[in-house]
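One structure is given here, and the rest of the page talks about it.
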Amino acid sequence: MLNYLISGISLGSVYAIIALGYTMVYGIAKMLNFAHGDIIMVGGYAAFCAGTYLGWPVPLAILFSMMICTILGIVIEKLAYKPLRNATSLAVLITAIGVSYLLQNLALLIWTSNPKAFPNMVNFIPSIVLGKNSDNPITISSATIVTIAASIIIMVALTLFTGKTKMGKAMRAVSEDKGAAQLMGINVNATISVTFAIGSGLAAIAGVLLCSAYPTLMPTTGSMPGIKAFTAAVLGGIGSIPGAMLGGILLGILEKFAQAYISTQLSDAIVFAALIVVLLVKPTGLLGKKMTEKV
Amino acid sequence: MSSNPNDTKYVAVPGPGMIPERDKDKRPVLEASHLGIDFGGLTAVDEFNIAIGATEIGGLIGPNGAGKTTVFNLLTKVYQPTRGVIMLDGKDTHGMNTTQANQAGIARTFQNIRLFDKLTVEENVKIGLHSSIGYHLPSAVLRLPRYWREEKKAHERALELLDIFDMADMADVRSSSLPYGAQRRLEIVRALATGPKILLLDEPAAGMNPSETEELMNNIRKIRDTFNIAVLLIEHDMNLVMGICENIIVLNFGKIIAKGNPKTIQNDPKVIEAYLGSQDGE
Amino acid sequence: MGNKIKILGKTNKNSLMGFINYGIIILFFVVITIVKQAGALTNALSGQLIPICAYIVMALSLNLVVGISGELSLGHAGFMSVGAFSGVIVSGAMNYGGVTNGAIRLIVAMIVGAILAGIAGVVIGIPVLRLRGDYLAIVTLAFGEIIKNVLNCLYVGVDKAGLHFSVTDEAHMDMSAEGVTLVRGPMGAVGVVKASTFLAGIILILLTLFVIQNLVNSRTGRAIMAIRDNRIAAEATGINVTKYKMIAFVTSAVIAGSAGALYGLNFSTIVPKKFDFNTSILILVFVVLGGIGNLTGSIIAAALLTVLPEIFRPFQDYRMLVYAIVLILVMIATNNERLRAFWKRIGHIFRKKGGELNEQ
Amino acid sequence: MSDSLLKVEDLNVYYGSIHAIKGISFEVNEGEIVTLIGANGAGKSTSLNTIAGLLKPRTGKITFCGKNLVGVHAHRIIREGMALCPEGRRVFLQLSVKENLEMGAYTRPDSEIADSLDMVYGLFPRLKERYKQVAGTLSGGEQQMLAMGRALMSKPRLMMLDEPSMGLAPILVDQIFDIIKNLHAAGTTILLVEQNARKALGVADRAYVLETGRIVNSGTGAELLNDDSVKRAYLGG
Amino acid sequence: TSGNDTAGTENKPEPAATTETTTDAGTETADAATEGDGVLTGTLKVGMIGPLTGGAALYGNAVDNGVKIAVDEINAEAGSFQMDYNPQDDEHDAEKSVNAYNQLKDWGVQAIIGTVTTTPCIAVSAEANSDRIFMLTPSASAADVTANKDQTYQLCFSDPNQGSASAQYISENSLATKVAIIYKNDDAYSTGIYQTFKTKAAELGLDVVSETTFMDGSDTDFTVQLTAAKDAGADLVFLPMYYTPASLILSQANAMGYAPTFFGVDGMDGILGIEGFDTSLAEGVILLTPFAADATDDLTVNFVSKFEAAYGETPIQFAADGYDCAKVIYAALKFYAENNGGLNVDGMSASDLCDILIQVLSNPAFSVDGVTGEQMQWSANGEVNKAPKGMVIQNGVYVGL
C-alpha cells in the first residue's frame, strides 16, 4: 500500500513537472503545445550527450540541456508559432503537432532509433530506504526526491512569478487580450518568447528528471509522458500552476492504485474514466478557476 | 396610446406593483417579488419588486454597478435568484433555465453585444425565429417540400423584421463586421424574432449619437405598438428614458430607491443625488 | 425586392457549394475509374483509394463537430474504432453464417457500426457536452484511450450458437471447437474477409455530404452554429443548447462509425492501436488544414495528406521529416493574413460584388 | 504647422477588402482637445486604432512628435507617450482591478505607480472599493471607469479616448468631462471620440466630422456646435 | 487461389513443394533460361518493409541495416547475380504497410523481406498471398502471419514455438517452481508468447503465480507488476517482450532489491547493446535466442564485425534476422539454379519466383546455416526449424547454456 503510494508519487512527480511546463505555456500562450513532450526528449538527449559524450559534470550537463531547450523553444516559437499569432488556436495546435513530428524525426536521424540508457544524473542525493530491516523495505529513489523537490520549487517560483512580478502580470495580460496589452506598452512578441523560453527550460529539467527516473531515452520518449502530463494538467485545472502539480501527483497515484488493486490490463481505461468523472463533478478541473463570464 | 409617458394612468395590481390602466384587463406580463441575489459577500440585488403591464414601456435606471444588468440576468434566468419569485405571464419561472424562460416569453439584448459573429445578419434573425420554423431534422436532411416552404416563410419574416430598422439590405453581411450601432439594432431584431411577450433592452442606445437615439426611441415605440408587447429597458441616456418610459424604477446598491413616471423621477432628490447629478448639460 | 433576389442568390450559393462537393467526388470516381480501365493506376494509389474514402468521411464528420459545432474533439478515432470493430465482427459472423456476399456484409456492417458508434456518441456526449473548450478535448481524448484499452482486452468469436465474448482470453469465450475467433485482444481482428470497395467508399462520402450539407443549411444547423458563436445568446434566444450539441456530436459519431466499418473491412487485419490518439490527431489535421468548417477543404486535405507521405517515399529516411516541415509550412501559409487577403482579392475578381457594406 | 503633436496624412485603412478609412488627414496640436464625431461606422474607432498601431494602414503617413508611426509596433508607439482608452473597454477580465491599473503604468517606473493609483482611486472611489475584484465581474460602467483609469495611469502626452462616457451614469458622464478638462488644463493633449457630440464639441478646441471614412467637415468646437448640418445629423432635434 | 478464402482449414490449401512439382517447375524454368551451367544470374528486386520511423523504428532499422550488410556481401560475391534492395517504411501500421507493399509492387518487387512487425505483416501477407509474391519475415512471429498463406515464411521462431519452448525449458531445467509473467497487453508479439507460455506451463505443471501487464502509455514504471511478482513469491519472472521495457524492469527490480531469475525471449536480445546500460543489471538473465553477437563462429564474427564497422553499434537479433533473410533467399535461388541447370532472375515474374522459392524452402534437402541458427529448415506451414539457444548473461556477455 505505502509502496504503491510511493511509486505513484514518484511517477506522479514526473507527470507534475512536465505538466507544469504545459500549463505555463497554455496559461499564457493559450495554446496546447503538443510539442512540449518532444522538447523534453531533446532535453534528455542534450543532457545525455553532454554527460556521456563530452564527459561534462552533471550540473553543467543540465545547464547545457536547459540552454539548448530554451533556445529551441524560442526558435520554434519564432519560426512556427509567431506567424500564426492571429490564427485560430486550432491552427496553432496543428502546427505544434507538426513541430512534434519534426523534432521526433530529427532526433531519429541524429541519435538513431536505438535506445540510450540514461545515467542517473541526480544520484548526488542518496535515496531513502524506509523500514530497512523489515521484509519489505521501501526505497524512495534519489530521482523521486529530486523530482518532487524540483516540482515544488518550480511550482512556487512560477506562482510567484506570474502572480507578483511585473513580467508575470504582463504575461497574463497578453494571454487575455494581445491588442489591449500592446496598448499598455507591453511587447507582446517578447513576452510570448519569454513564456516559451521558460516553458522549454522547464522541459529540459523535466527531461533530465524523467530520464533519471526511467532511464531509457528514445526519440519517442517524450510523447506518451507528454500526453499523460497534459491529462494531469487538465485534471488539476489547466492554466492553474498548483493544479498541474496536484493533477500530476494524483494521476500517478491513481495509475498505480488502479494497476495494483483493479487491473493492470485496464489501468489506462480506469485512469481516464476517473478523469472524466472528476471533470463531471468539477468541469474546470480540481483547482481550475471557473471562468467568470459576466453577462 | 399616449406619446407622452407622463400621461399614462396607473392602476394597482394584486401583486407588488402598478400597471398602466390600458393593460388592466390583461394580467401583467412580468411580476417579480422580493427578488434578490448575492455574489459571495456582495448583495447585488435585494427586495426587488416589479410588475409590468402587457404593453407597458418600463425603465430601469441607476448608477453604475447598481444591479440593473443583474436584474435582467435574474429575470432571464441567466442567474438563479438567491430569493424571490418571478412570474412570467402568470407562470412561475422557478426551475427554468434561460432557454425555457425565453420560450415562456421573455427576450433580451445584452449590454456587451452578443451576436452570432460568424453568421450573417439574416441568419442571426432566423435563430430568433427558430422555434417558429415548422420542420424537423428529417425533412431538412431529405429536403422535403415542407423544408422549402418553411425556409421561404422564415426568410420573408426575417426581412420583414429587419425592415423595422431599415436593415434588410444588410441581410447578407456577416454580423461581426457591422458597425456598433447596427449590431445593437440587430440584437433587438433577433430578440423580437423569438416572439416574446416582453422585451428587455440593456442600454440599447449606448454608442449611438443623439439623432440615432431619437430614431431608436421611435422604433421602440413602434415595436411596442405593432407587436403589442411590453418593453423594459436599462439606459443611461436620459433623453431616451424620459422620452419613452411610462414608469421608471431607480436602483441604487441593489435596492429600489424610487419608482414613478419620468417627471417624478427627474425631480426626486434622492435620484438626483445618486444618479442624475446637476442637470447642467441638458 | 432587390434584396430578396440577392438573398435568394445567397441560398443558391450555398447549394452551389454543395453541388461542387458532390461534383468533386463524382469526378474523382470517374477519373480513377477511367485511369484504372486504362491500366495506368499504380498499385500504390489503388491500394489507398478506400482508406482515402474512409478518411474523407472521417474528416467531414469531424468537421461537423469542430467546424460547425465549434467543439474540439481529440478522440474521433475512437468512434471509428467502434465502427470498425463492430463492423468486422458482424461481417465475420455473417460470413461464418454463410452470407458471403461482400456488398451485403459491408452494408450491414456499416449500419451496425454506425449505430454502435452513435450509442457511444450518446454515452460520451452526456458528460462531454457539459464541458467547454479544452476540457471537452481532453474527455474525448480520454474516451479514445478507453475504447482502445477496452478493445485490447476484448475477445470475440462466433460458432453455431452465435457470438461469444470474453474480456480475459480466447479460452474464456466458451466457444465450440468449430467456431472462429474474430477478435483476439491486442492482436485485433485477424483473418478479416474483406468487403470494402471503392464504389462503396464513394457512395458513403456522397451520403455523408448529403446529410451534413443538408443539416447545416437547416434550422438545426443554424442552431448548432449559433451555440458555437455565442452560447449565452443562443440560450437567451430559446435554443436548447444540450439538444443541438448532442445532435451534432452523435451525427458525427454515427458517420465516423460507418467510416470505421468501411476502413476495417478493407484490411485483412486491424488492431485497436490503429485508432489511437495519433489517428484522431491526423483527422483533426485534415479538418484544420482544409479550413475549419469548410467541407470542400476537408475532402481535399484528407485525400492529399493521405497520399502525401507515400509521394514522399523517394526521400527515404527524410520522408517524415519532410512531411512535418510541409505540414508546418502549409499551416503557416494558409493562415498568413497577407496571403489570405490575396486569395480573397482574387476571389473577389471572380465573384460579383455584393454583400459588402461600405460600398454603396 | 510644425508644432502639431500628431499629424495624419492621407490615411487609408482596410479590413480585408472593406475600405474603412478613405484618405483622411488631420492634425492635433500640442495642448489641444480635438474631437472626431460621426455616425456609427464612420471610422472613428478605426482611426484611433490605426494611430495606436493596432491596425496597419495600407497607405498614408502618421507622425507623432515628428516621428513616423507607420509600421511601428503598437507597444513602441505607446512608449512614445500615447495612450488609448479603447472602444468596448477591453479591460483584462481575469486580472483584478488593481492589476489592471498597474498594467496601465507598465511603461513607467514602479516608484511612480503608487501616486497614480491614489489619483485614480480618488477619481473613481468605486474602483478603490473593488480593487481586488476581477475585472470580469464588474458592471459595464465600472469596467468603463477602469478602462479610463487604466489609460490615466500611463500619464501620456497624447490621450486618445474612444467613447469614454459610454455606459456611464449621467453623473459620471459629467465627471468624465471634468476629468478631460482637468487633463487639458494640466497640459495633456487629447483626441476624443464621443457619441455625446454636444458635450464633446463643448470641450473641444477643434473638431472633425467623419462620414463613411472621409472627413466632411471641420472647425472649432463652437463653430460646429452651431453648424446646421452637424446639428441635424449628430446633435438631435 | 488465395489461401485465406478457406478460413478454418488447418492445413495449407496447396500442399507445397513435393518432389514432383520441383522437377516440373524446374525443367520449365531451366528451359526458359536456356542455360545449363547451374549458375544463378540476373538482378533480383528485393523489397523490405518495416518501421523505419515512429515508435518501433528501432526494429525496422535494425533489420534494414542487417539486410544491407548481406546484400553487399552477396553482390560482391556473386558477380553475375545482384540484389537490388529497396527498403520501405511502414511506421508499424497495417495501412502504411500495405501502402509500402503496393509501392514495392509498382517498383516491380520479386521477393519481400518483411514485414518486420507482426500486425502489419498479417495485413501484407494476405495481399502478397493473393498476388503470389514471396515473403520471408525476419521477425513477425505470430502464428497468424503464416496461417493459410503458403508463400509467407518466417525466419524467427513463431510465438507459439517460443512460448512453449520457454515453458519447456524452464520446466526441464527446473529453473523455478513459481513463475510470474509480465507482458505487454497491447502488443501482439508479447501477448502471443504469453498465451502459449501459459498454456504450456499449465500442461507442464509450472505454477504461474502472477500475471501482470503494461501498455504503451504506462511502460515506464513497473513497481506494481514487480511487487505483485515478489509478493506472490515468484522465483522466476518471464518477460516476453522487447528489451527496451525489459531494461527498465531490470533496473527497477534491482532498486527494489528483488532478484529472481529473469527469463526472456528473443526480443530481449539487444539489452546489452543499449548505449550506457549498466550490464550488471542484466546479470543472470536467461533468454532463449537464436543469436548471440559475441558468438565465436565465423559467420557471426564476420557479420558482427562488418555491422559494427558500418553502423558503429552491436547488431541486435533483428539485424541478424534481416541479414539471414537476405542470405536465405540467395541460398534458395542458388540451390534451385544448381539443381535445375541455372536460373536467370531478370524479368522473371514475382509469382514464378514465388513458386520456386516455395519449392526450395519446403524441400527437405535445403537448409541454411545463418547467424541466427544452423541448419535452418522450413516446415510446410512456413515456420522455421532451428534450435533455440538458451543463453545466460554473465559478466556482461552471453554464455550458452
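Observations on the structure shown:
A, B, C, D and E are the chain letters, set down in written order, and residue numbers restart from 1 in every chain.
Going forward, contacts are C-beta pairs under 8 Å (C-beta built on N, C-alpha and C of every residue); 3 or more make two chains touch, one makes a residue touch a chain.
This structure is a prediction, so every number in the text was calculated from the model and none was measured.
The chains in contact with chain C and with chain E alike are A. When you average the Cα atoms of each chain and compare centres, the chain farthest from chain B turns out to be E.
Remark: among chain pairs B-D and A-D, B-D carries the greater number of C-beta contacts. Chain A and chain B have CA centres that are 49 Å apart. If you average the Cα atoms of chain D and of chain E, the two centres end up 75 Å apart.
Centre-to-centre spacing of chain A and chain E amounts to 38 Å, using the average Cα coordinate of each chain. Those residues of chain C in touch with two or more other chains are numbered 145, 149, 152-153, 232, 317, 320, 356-357.
For chain E, residues that reach two or more other chains under the stated contact definition are 53-54, 185, 215-217. Shared contact sites, meaning residues of chain D that touch two or more other chains, fall at 18, 41, 137-138. On the side of chain C, the complex with chain E involves touching residues 42-44, 46-48, 51, 145, 148-149, 152-153, 169-170, 178, 180, 185-188, 190-191, 193, 267-274, 309-310, 313, 317, 319-320.
Residue ranges of chain A in contact with chain B, taken from their complex: 295. For chain D in complex with chain B, the touching residues are 15, 18, 37, 39-41, 45, 87-88, 126, 137-142, 144-145, 163, 166-174, 195-199, 232-237. Residue ranges of chain B in contact with chain D, taken from their complex: 39, 61-70, 111-112, 177-182, 203, 206-214, 236, 238-239, 274-281.
Of all the residues in chain A, the ones that touch chain E in their complex are 3-4, 7, 10-11, 48, 52, 105, 108, 112-119, 127, 137, 139, 141, 213-216, 218-220, 224-225, 227-228, 255-256, 259-260, 264-265, 267-268.
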